[in-house]
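Structures given as structure tokens follow.
Common to both upcoming complexes is chain A, partnered first by chain B, then by chain C.
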Partner chain A sequence: MIARAVRLLSLPLGAILLALVVGAIVMIASSPLVTGHFDVTLPLTTYWALIEGSLLSFNAIVDTIVNAAPLILVGLAVGLGFKAGLFNIGGQGQFLVGAVAAAGTGAALAGSPTAIAVPVALLAGMVAGALYGFIPGFLKAYTGAHEVVTTIMLNYVAIQIVSFLITGPLRAPGASFARSDDVGNAALPAVLNAGSGHPGHIGIFVPFLVVPLIWWLLFKTTAGFELRTVGANPDAALYAGMRPRRVIVLALTFGGMLAGLAGSIEILGVTGYMPAAYSTNIGFDAITVALLGRAHPVGILLGGLLLGAMRAGAGLMQIQAGIPVQMIDLLQGVILFFLAADVIVRRVFRVKAADVGVDELQTVTSSYAGKAPAG
Partner chain B sequence: MDVLFTIPVIGILLQLIVFLVDVVTRNGSIILALATPLALGAMCGVMNERSGVVNIGIEGMMLASAFAGWFAASLVGQAMPADPSPIFGATPAIMIGVLVAIATGVAASAVHAWLSISVKADQIISGTIINIVAFGVTGYLNLLLSQHSPPTGGKFVPFTPPAFLTDIPVVGWVFQMFLAQGPITMSVIVIVVVLQVLLLRSRWGLRTRAVGEHPKAAETVGIDVIRLRYRNVILGGVFAGLGGAWFTLDFGNSFQAGMTNGRGFIALAALIFGRWHPVGAFVAALLFASAESLGRAIRTTPPTGDLGAILGGIPEHVFAALPYLLTIVVLAGVVGRSVPPAAVGRPYEREATT
Partner chain C sequence: MSDESATHPPDGRTLEPALSPDAGTQPEVHVRAPALEMRGITKRYPGVLANDNISLDVKPGEIHALLGENGAGKTTLMNILYGLARPDDGAILLDGEEVRIAGPSDAIARGISMVHQHFMLVPVLTVAENILLGDETMANPIFLDRKEANERIRLLGQRFGFDIDPAEKVGRLSVGWQQRVEILKAIYRDARIMVLDEPTAVLTPQETKEIFAVLRRLADEGHSIIFISHKLYEVLEIADRITVIRRGRVVGERVPADTDEDDLAQLMVGRDVQLIVDRGESHPTDIALVVDHLSVKNDRGNEVVRDVGFEVRSGEILGIAGVAGNGQDELVEAIVGLRRPSGGRIELDGHDATHMGPRQMHTLGLSFVPADRHRFGLVLSYSLTDNLVLTDYYAPPYARGIVRDDAASHARAVEAIEQFDVRTPSADVTAGTLSGGNQQKLVVAREFDRDLRLLVLDQPTRGLDVGSIEFIHRQTIKKRDAGTAIVLVSAELDEVLELSDRIAVMYRGQIVAVRDGRTADREEIGLLMATGGRKVVAGEAAS
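And then the complex of A and B:
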């Protein structure tokens, strides 16, 4: 059991460690721009601030989980796709349409009782996200249009949809900039009062419910078995009487629903309204999360918490060490690099990592040029 | 003529055509300029995908090149100030900036090649890595540098075509469009045509297409699949680098975080819309850039009458979303299927030689 855990974790941990080393080198090299002279201790100050800002107080921990919640949900959406042999880059678009649907519904129900407003607004976000995930799923299953390209394109379409809705029909009258009205009673109640930073709204518990649910769905139900079989070998799945097309549509629709839920939680729990220029990189962040977690729900939970912690600590890092928050993007990209180039990690740490999880990706791009799947 | 415009439906269509022609002829220069990074990005895509390697990292490659080129030009400009030469206002700073941008595109492509071809990592993930790292590194360094506000290294000056050409009735705007440009934009047409001819008519092109469609067969007739893929992916970086240089050394002279703003992905869309052909991709890039100009023209100089009422009723967002929607449509095969090279995305496994 322990030996297995070590084998599973050695590759992601090795990648994280190497990324921290690369980050440190970049910081030392750029330290003259930060402090005016070469400073070899700068990485220590930076990493300590990251830890302090994400772990070392109640507020910090709440902030970490608030940041992690959407990452985990969209990470699950991406991971679910991986399991089905699909590469969903559309997390960003699905998140955005979910967010704008929740913002619009929430604003319309701002005066209704919370017990009605919150569920309806969340539902609106989930439905919008699901519909937005259905589009690439349907196109992939019935026309063969590759989901990587269609989801990327739909991300940019989503940005325009949000901008159109918020500058047009949903625009709050009298606001100084283009934004939707406050969600009022549709706001997720704050349950962990952290004082500063993000309030610990009730939505941060959602991922902890969804993760076991997805785990159960994937590994304990027929639908999950079907999904994993289609991901591993669509031809065999078809031969065994499964319907790959249906699985593809369902996997992307369900993933879209999770991403839409993440967007709704972010609007109803954190911002309380939606600005027209809402910018997010959640789609790509979620890919890192899903790969860190090797597409396994529990792994995605851990990966999401790690990235959430980095985002939460970034503010303090910028204040205490003078390191711009973009360092987090850099670290994240480098983690991903070492995950992909696992040969380096294996050589440096002499690990024989278990070849599970990421291998499922072998089937992903091989279908880039594919025709519509049969069945 | 005016009488024709009053006929229902046909009249509106005629007005539309007149308006479109007017927009394109008046904005030819800016359309070609805006199409430049799209076309160059797409040429990078052609080099990759025609030899069987998916590249969604064009965005990151261009962003990194834009930053590196601008920063190099700034440094050289401070070290050795020089008067702009009469040819495109070039200075040593700008020229070195362009070279550094190209080198950056090549370096990023080399990483992509190594991950995709040798490590056999998922090629989509490899592209994603390049996008994320480029966004992070350039954002990080740009913020640190902005506290010291480095001076700009300058930019190319567009050529001014002689008036006797641009004043020619009917076709004068074509000269304006293709000649009133900086050197990077001007070079695009040459690059596109040369690449098209090479890809479809040369030995290298035949080999590249063979490797992209059926690498095993290519290897059987003695083509080194791995080597050709490496060479093509890395050479593709030259175009991404040049596309990046366009942002900070040709069109503008400064760098802003995330300034490529999705144009690398529109380049990908142009590549697909143009069916993986250089000329096709270039036409798609022009089309997408025209859609952008059209959306703008409708708001700044709206047409009068019924047409104005109809066009004014279409939100600008529709025009902005058009490239992406069109790409989905052609990929889904609704009108004229766009089919990628057969082996694209698959790492090549050489058979064991025993």
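And then the complex of A and C:
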């Protein structure tokens, strides 16, 4: 059990380590611009500030989890896809339609009691996300349209949907820029008073409930068995009497629901309204999270927390080390690079491919030559 | 091929064993040194002694068969020869000189070439392009002179007796022809020593014959060939000499004239093996399966099964013989519910099963051992436990509602592994770690170990060693005697002849003849498979 965990973790940990090394090299190389000379201790200062800003105080930890929550949920959406042999790049769009649905519903219920407003707004976001995941799922299962193509396209459509709704029907009257009305009583109550940064709203506990649920679904139920079988060998699934098409639709719909939930939590818990120019990179960050987590729910939880911690610590890093917050994007990009180029990691740390098993990466690489499922 | 054997160069059969110290030192007798000699090769992997002091030599113009069960160490030895693995001990000599082979490119440069079981060809390129791929001697490195290249390849093919169209895309060729392209590639690269790893595993009997003719021709031109196989009759037919390996050691060397299948099987397995399982009497009862005027289309929409009809009774085995690709795959897929028939009717136990899916057929008591166990039969990344409940996972006792019962699944797995003699360290390892024979036993364990009405076996022993074949044949007979109706589809005519109570011959999508399994004539069935029986029928009418 422990040996297996070590094997599974070797690739992500290796990628993180190598990314930190690359980050350090970049920092040292660019340190003359900051300090006027080559500063070999700059990476240490930087990484220490990152740790301090994300872990070393109650506020920091709350901030980390607030940042991590949507990453984990959308990461699970991508991870479910991987398990079913699908590369879901549509987390972005599903997140956005979930967010705008929650924002609209929340604004409409702003005066209702919280006990009604919050669940209904969350549900609206989940349904919207699920519908938005259903579209590529249905297209894949019954027409063979590739989910990579359709989900990327639907991401752009989602941006336009948000822009239309917020500048049109949902626009708050009298606001100085295009935005929806405040969600009022539909806002997620803050339960952890962090004082600064993000409030510790109640939504940050959601991933800790959803992760065990997904784990249970995947590994303890017949539905999870079917999903994993379709992902591992669709022909064998067909032979075993499963229905791969239905599984594909369900996997993407359920993933969309999780991404929609993430969008709702972000609006109801953090921003309180939706601007027309809502900008996020979460769909792509979530792919990094899912790959870091090896598509396993617990791994995705850890991966989401790591990326959340980097986002939470970025502010302090900029103040204390003078390193711009964009450093986080660089680190994240390099992590993704090493995860995809896993051969490099395996060479450096001398782990064999057979020992780590890279199924989810096979989904990524083979998904561009995918075929329509039968049955 | 027996008439050709008289013209073989005699060196393969009459010389002293090559290890004899004076074999190369007698100047007055013209003795050619072995083209290849492997001396005392030892290779350890953690926990396994894969090769234990193996010595092997191959003379110029000799076809030397390497015979052994799956996992006996044949592949390790050949990987060492090809530079893919380094021996812990021992030496490799080419033309009497010791060499160190650094890797595959070094091996190729030294004239050693390997034809793999899975071909290394680019399907979208033409035959000529595949063969010339990476050839540095072509004058213009960027643009291929197609005309000249095609001509060169055509001539080369003709020299070895096959008329190949160099401009044809490799993806459009049958496996038999693809294999010829691989061989041609080896010849083109000037390979003096060619290793063929189970070359006939994917071929029809007819294609096998043709490839054998090519190999003989190559040997006559002085090429040395190492022929890896576990098919006894093939080895007896093609080899000049046979080395048998068991558990990493050489357990015997034979020439075909002094041995037979029983002797080789015993050497290979280490115990007496019953090559032909005694099928006993069958006692057919009620009709279990009715196939009536059935037509089935393939993926391209061509009707490849046309108006086929037969019945199978409980307690009998209906063998379907036929050269691969005559509609057997589609027929089987239609029966088990994986493919919708385009016409006709299927009845299982009185139920109309024409439009049932695999799940419904399974519930009615149908089990199916698919031809391609990696594609349909198993999920290689799953544990043996999950594979053993792959078709039953949703029903009690393996699931209550939507929750799976891991304990019940595991208990079933442990029992089935024991009963069907699947060699594995535990039920928790993944199916991908098992040998081919054990993987097939795993599929057989899942499909046989339940109450059955109809059992469909599609190529149930393809690529297996004799021990596993014997086991699966015994289990099949046992199932028949327990009253199961069995449909056996196999491209191995011998298998069909050995097991079937009745034999149906399939040719171009139709059943052209049905014969009694005990009195059927091998030659006649073979002819029916090859021609569909038109000439035979005419001949019979005349006589």
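Here is the rule we go by: the second predicted complex is superposed on the first by the 357 of 375 C-alpha atoms of A that agree within 3 Å, B and C clash if a C-alpha of one lies under 4 Å from a C-alpha of the other, contacts with A are read in each partner's own complex, and residues count from 1 in each chain.
What we mean here is this: contacts are C-beta pairs under 8 Å (C-beta built on N, C-alpha and C of every residue); 3 or more make two chains touch, one makes a residue touch a chain.
The shown structure was predicted, so the numbers you read here are calculated from the model rather than taken from an experiment.
**Q** Chain B versus chain C on the shared chain A, clash or fit?
**A** clash
**Q** Would you mind checking which one, chain B or chain C, touches more residues on chain A?
**A** B
**Q** Could you say whether A:Y239 touches chain B, chain C, both of them, or neither, answering first, second, both or neither?
**A** So A:Y239 only meets chain C here.
**Q** Answer with first, second, both or neither: which of chain B and chain C does A:Q332 touch in the superposed model?
**A** first
**Q** Taking the superposition as given, does A:G168 touch the first partner, chain B, the second, chain C, both, or neither?
**A** The answer is first: A:G168 touches chain B but not chain C.
**Q** For A:T64, decide between first (touching chain B), second (touching chain C), both and neither.
**A** The answer is neither, since A:T64 touches no partner chain.
**Q** For A:T229, decide between first (touching chain B), second (touching chain C), both and neither.
**A** So A:T229 only meets chain C here.
**Q** Classify the contacts of A:L33 with the two partner chains as first (chain B alone), second (chain C alone), both, or neither.
**A** first
**Q** First (chain B), second (chain C), both or neither: which does A:N88 touch?
**A** neither
**Q** Spell out the part of chain A that touches chain B in their complex, as residue ranges.
**A** Per the stated touch rule, the residues are 26, 30, 33-34, 87, 89, 139, 143-146, 148-150, 152-154, 156-157, 160-161, 163-164, 168, 281, 284, 287-288, 291, 323-324, 326-334, 336-337, 340-343, 361-362, 364-369.
**Q** Within the complex, which stretch of chain B touches chain A?
**A** Listed in rising order, the residues are 54, 56, 114-115, 119, 121-126, 128-129, 131-137, 139-141, 143-145, 147-148, 257, 262, 265-266, 268-269, 272, 315, 317-318, 320-321, 324-325, 327-328, 331-334, 339-346.
**Q** Going by the contact rule set out above, which residues of chain A touch chain C in the complex?
**A** 220-223, 225, 229, 232-233, 235-236, 238-242, 357, 359, 375
**Q** Can you tell me which positions in chain C touch chain A when the two form their complex?
**A** Answer in residue numbers: 338, 357-360, 362, 368, 370, 375-382, 386, 390-391, 393-394, 399, 402-404, 406.
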